[in-house]
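Next come the structures, one after another.
The same subunit A turns up in both complexes below, where it pairs with subunit B and then with subunit C.
Up next, the complex of A and B:
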């Protein structure tokens, strides 16, 4: 699905079904990352670039692909156990 | 005797890493965009720059990779010197 690269979210989540017969406690909300390259398709030429030093730090030459990972489970740990 | 490396060593090494990273990114990009002349020009620019950096580094601190020039004719420099994991 081709959508404007700026309207997608980088992390998505879902709640798996928890069966009453399931002996384990429910997992609750599970998260999965959806990086920018999924939404860009074929990379257009002349995209804006990071400076070389910045590119090495960020791990990519083009800001459009930059995808910082912070652990959704950790951040949402508080809300998880309502 | 453990001699500590000069700060210059790390600075130049980082500059080489920066240039090489840009080269890697551009290589991957150019694999799928062979006719992007602007990217090719940027690639050549950085390839040249990286070669210069490596030349400067190797003349000052010794060979960077196997197959580098051995600049001390009376001594095989590749085996000596701090290894990457010791740097």
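Up next, the complex of A and C:
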């Protein structure tokens, strides 16, 4: 199932400032989602579709809108799902 | 009028006995950005919005009730066999003294649901922008719950719900496009 070949990323990250006086060890990177709905604008016609069974499982009929979520803080497990 | 199908929109399976998760899930049940707030918000706004997008609000508002039912099922499964002691350990002691293990519309911190969680400004753009924000906030809430949960089956259902938030946000964004469209270019889907 190929969607838009990497015109955007679905997760972004940044490193918040950590002061030497901060009480807790630094979290390092903070992650946030930037799902596909932020990028596509009005949905263009004739996009590729999942099979009906697959679509019911994933929650969307269109691969471009599919965004698997995994807790980014528990070792980015190699589950890219695309 | 509604018709009801006696099945969940997506199967809910819970594999670990962890009533603390029920407490977290309550945020999506009776919280500010929860499914109840979403359903009531959309189904109420649809009376005073241009005709072109009434159907969208009806559809999404209705689906939110299907999500509410899934969340209820999750909470119920996680608490129905818990003893008072287990509920207390899960931080649900206060809930127990008021409700036993009955579900109630409050958020994860026990604050009861209030209509002031939702808005109806009567301005189509303002209302749709609120709806988009509500979807993104619900999406984020699902993420944080998934982050806190290590139940793979529960997370599977939560991921489905999160994906639906993305689609709803997309549709509300499209609704804004429809309402702001100029006459020169007409696109029908």
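The criterion applied here is as follows: the second predicted complex is superposed on the first by the 69 of 82 C-alpha atoms of A that agree within 3 Å, B and C clash if a C-alpha of one lies under 4 Å from a C-alpha of the other, contacts with A are read in each partner's own complex, and residues count from 1 in each chain.
As a working rule, a residue touches a chain if its C-beta (ideal position, glycine included) is under 8 Å from a C-beta of that chain, and two chains touch if they have at least 3 such contacts.
Quick caveat, the model's predicted, so the values are computed rather than measured.
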Which of subunit B and subunit C A:60 touches, first, second, both or neither: both
Which partner, subunit B or subunit C, touches more subunit A residues: C
First (subunit B), second (subunit C), both or neither touched by A:69: second
Which superposed partner A:45 touches (first subunit B, second subunit C, both, neither): both
Overlapping contact positions on subunit A, where the subunit C interface meets the subunit B interface: 42-43, 45, 56, 60
Subunit B-facing residues of subunit A, complex: 42-43, 45-46, 52-53, 55-56, 60-62
Residue ranges of subunit B touching subunit A (in the complex, touch as defined): 17-19, 21-22, 25-26, 29, 32-33, 36, 38-39, 46
Touch list for subunit C against partner subunit A, complex: 10, 139-140, 142-143, 146-147, 159-164, 166-167, 169-170, 173-174, 177, 187, 189
Residues of subunit A that touch subunit C when the two form their complex: 33, 35-37, 40-43, 45, 56-60, 65-71, 73-74
